[in-house]
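Chain lettering (A, B, C and D) follows the sequence in which the chains are written, and residue indices restart at 1 in each chain.
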């Protein structure tokens, strides 16, 4: 436990309710921004402001619903539950939630749950496209996790702690010179690439791949299940953006400085995504294990020499 | 319900599985299906399944007047309709002994090249979308729309022009159409570097396309591959040059070739062809400014137009390959038989099945789009 | 152009070796060759082997109910000589069987399959005569002249009766759609 | 004793009709309006090029006309889609796939017919291969005349459909449940007597309360006997499925 002020019970409860809620709202804005920026790159206007909300409400208000068995239902809960839990462990300005009680490793562990849930649920659909998609998703996880873990370990070594709250405090206290991107630029680059892979966007979009496996895991998702996936997308963008900001961009003391950083991180991802095609599965692994992993190892080496 | 051609008796070994690719699938060009038997990622066998777009054109054409078929013909190939009109019109001209005025010939060449550019831009867009590069699709199709505007101005229709008639073209160019076409060509040339940066020179695109769906020259010749796909395998064969029609002998243009025969080579050939088409269009515009005269030879009463008995086989180079029309007349007011040979009848069926065998699941869409297979002309 | 000028004479030499073959040069690099069913494979083989007619552009089938025959037309193109030979051959409608040329020209596989589907002609030795386009079809081969499309359509499908106001007005005055 | 026969069959559930707008509570009405508004502003189009009209869809979606401005975006599988565009003529072979796709889509779902071919055969009126009237086989929310419809016409029909969804009037999907017997009869007349689809529409109609007098009838009776026969034949070969998705061999 850190030296933070001991939390009252009600404060904790408020955090537990508010943090996923804030994550969802910010996530909606991130999704909107991603779609608008994409539209701009493609030289068109793009969707209206409320479009992400329309989509989600529409999907949740479908009149009929196809379930492919109880595992399918449980999997959706795992999927959303995993992300909601992850939000509670991510410190944001003013709210620490359970971040004091769990550390970075807990978070990494929790962030694997959604993918696992998806795998279980899609396996119940008996659609070969879904199964291929899931095997590709797990392969992609294998690819991006190597540089990701190295980058995270390096960051922990630099900060000397794996507690996210303390990491934020260290960066806040030292100013921009102590931000992760300044103290360990190589690890920051590797982290950016691996987190891009985590989002599953081009060029690492191997498990959605509409033209190959018809959106893979999402192929049998209808109505409310699809709605859950849209909600998950909000959480996913938020989680990745906040995690990167926390580790390498100094986290945030107040929302006014914190949110622009999160949006900037996602903006980088979106800008990269829309001018690249999709690599093949084996190319993704080869590339991920070569460049980001190499950069991360080099960064780790520098960090270890420094330490 | 199982699809009709499903054969439940065969039990493949347990490590193999079957995947229905299409007809309702974004990796399929048009409405078409491929049943693939896979071992992991590798395609053991691919069986194409067409006929989803079958309208019985050849039968329909036997039941309509020679002149009525002008409306039917462009609908055979949706993305590239003008070569079909040209092939049919030339078949009728050969049978009826019509002489096309010079100005009409140049206008026809212009329409054919514009259609080629449109079809190639469409293919680039589709090809980019199969690997997730939607930006190129958005830009390319918007670029194509500018050409469709010119088409609309000249013919009154965006897609199905029904403009080329036996004996010439339907009506003369409206005033200023050539100037506007020139502006559009300039716009295309201005945008070309963007497309190159985004698509043709992109490392990811090259990585995805190089060595995919290789057709060697021997195989290409033996399998009946035509058009840009044959040229990508190293054979400088072009109907416009080998079996010239219209004014193509008077036009200067190159026949671009590549030797690798893979998806990348096919892309590059098409890219070079757009440049050549622009070159042709400039020459055509220049000549059209000088040539005056009628745009159609006088036709007999089209409702009672009996074409002398005989048969004619005409070939036209479309954006996909060689289009052939075989028309037989028995001296009546309607065609006795019209046989349409679309280039994709080879590319989308036998060639695709052979190229897919041994390829990977990821590359099915890429191969199909790089062959520029057009299902409507397979099914007719 | 010069090549196609000299072509008929050199083609003549080859065609002399095959019995029952008649050649008619036509305009624009086209040569019509009439062949007997027996000598067609030999003709295509010779054209491909000696003259470079290696691109089978199409196989067309024409139904002639008066003479009770199918006319098959093989269009072969030579990349070297830049000319097109259309080899015509007539086969009896009744058995409707002919030999496949798949072993000479690979593209024949598709065209024979198509003709089999549309006309019912059986090509002996063709690798794949399974249905391709008309898999949901159990009627007669539709391209036969004896198959009446309109009759079939009227029997199978329903129409929306299109009698708008303006048409009724015109019809009331004695006009209407001329059929 | 009264001689009258009950109007509702014994096995029909209580709520066999949708309540009128006046009968619903205020909360329910507001929620329905919100849902309808969201439905109208978010249309996922199934990516299925059934005919040549599909060639005008890319221009409609892409930069020049940009249908994402009003919330129309393409989706890949029928499970995810709301709107099925029948882009032009339908051959019999495609119609089968269209019906399968349509039944896999989740309600509320909408169908738009593109071009004259879907209305009355259009250019292919005497073709043996194409279907003349689309609305015989699946319920259609709207048609666009012309061959082929321009992107502007496509946009206009999207806007009209959105206005109707917003007003709660685009209920053609309900007809498929309420009138399933008739639709199935037309389908079976074309595809043959053994035509059946994996989706059990009658069970869905019962489950979701859209069971009407036209849902079952002569044609669905044939389906029932076939189902019973098939189910009794190979029960052990089929894995356990969800209640509303029976798989027939």
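Simple rule for what comes next: contacts are C-beta pairs under 8 Å (C-beta built on N, C-alpha and C of every residue); 3 or more make two chains touch, one makes a residue touch a chain.
Only a predicted model underlies this, so the values are computations on that prediction, with no experimental measurement involved.
A.B. asks: Once you count every C-beta pair in contact for both, which comes out on top, B-C or A-B?
C.D. replies: Looking at B-C and A-B side by side, B-C shows more C-beta contacts.
A.B. asks: How many angstrom lie between the CA centroids of subunit B and subunit C, rounded to a whole number?
C.D. replies: Computed from C-alpha means, the inter-chain centre distance equals 21 Å.
A.B. asks: Based only on mean CA positions, could you tell me how far subunit A sits from subunit B in angstrom?
C.D. replies: 44
A.B. asks: Find the geometric centre of each of subunit B and subunit D from their Cα atoms only, then give the gap between the two centres in Å, rounded to an integer.
C.D. replies: 34
A.B. asks: Rounded to the nearest whole Å, what is the centre-to-centre distance of subunit A and subunit C, using the mean of the C-alpha atoms as each centre?
C.D. replies: About 60 Å, centre to centre.
A.B. asks: Could you pull out the residues of subunit B that touch at least 2 other chains?
C.D. replies: Residues 25-26, 51, 54, 56, 59-60, 63, 138-139, 142, 379 of subunit B each touch two or more of the other chains.
A.B. asks: Multi-chain contacts in subunit A: which residues touch at least two other chains?
C.D. replies: Each of 42-44, 210, 214 in subunit A touches at least two other chains.
A.B. asks: Two-or-more-chain contact residues of subunit C, please, as numbers and ranges.
C.D. replies: 134-136, 142, 147, 149-150
A.B. asks: Give the pairs of chains that touch; include all such pairs.
C.D. replies: Contacting pairs: A-B, A-D, B-C, B-D, C-D.
A.B. asks: What does subunit B use to touch subunit A in their complex?
C.D. replies: That would be residues 17, 19, 25-27, 41, 128-135, 138-139, 142, 198, 202, 204-205, 207-208, 360-362, 364-365 of subunit B.
A.B. asks: Report the residues of subunit D in contact with subunit C in the complex, numbered from low to high.
C.D. replies: 92-93, 96, 119-121, 125-129, 131-133, 136, 190-191
A.B. asks: For the complex, which residues does subunit D have touching subunit A?
C.D. replies: 34-35, 37-39, 41-42, 47, 62-63, 66, 68-71, 73, 76-77, 79-80, 82, 104-108, 204, 208, 239-242, 244-245
A.B. asks: Touching residues of subunit C toward subunit D in the complex: what are they?
C.D. replies: Subunit C reaches subunit D through residues 134-137, 139, 142, 147, 149-150, 152-153, 156-160, 162.
A.B. asks: Spell out the part of subunit B that touches subunit D in their complex, as residue ranges.
C.D. replies: Listed in rising order, the residues are 1, 23-26, 30-31, 51-56, 59-60, 63, 71-72, 75, 78-79, 122, 125, 137-139, 141-142, 144-145, 148, 158-160, 376, 379.
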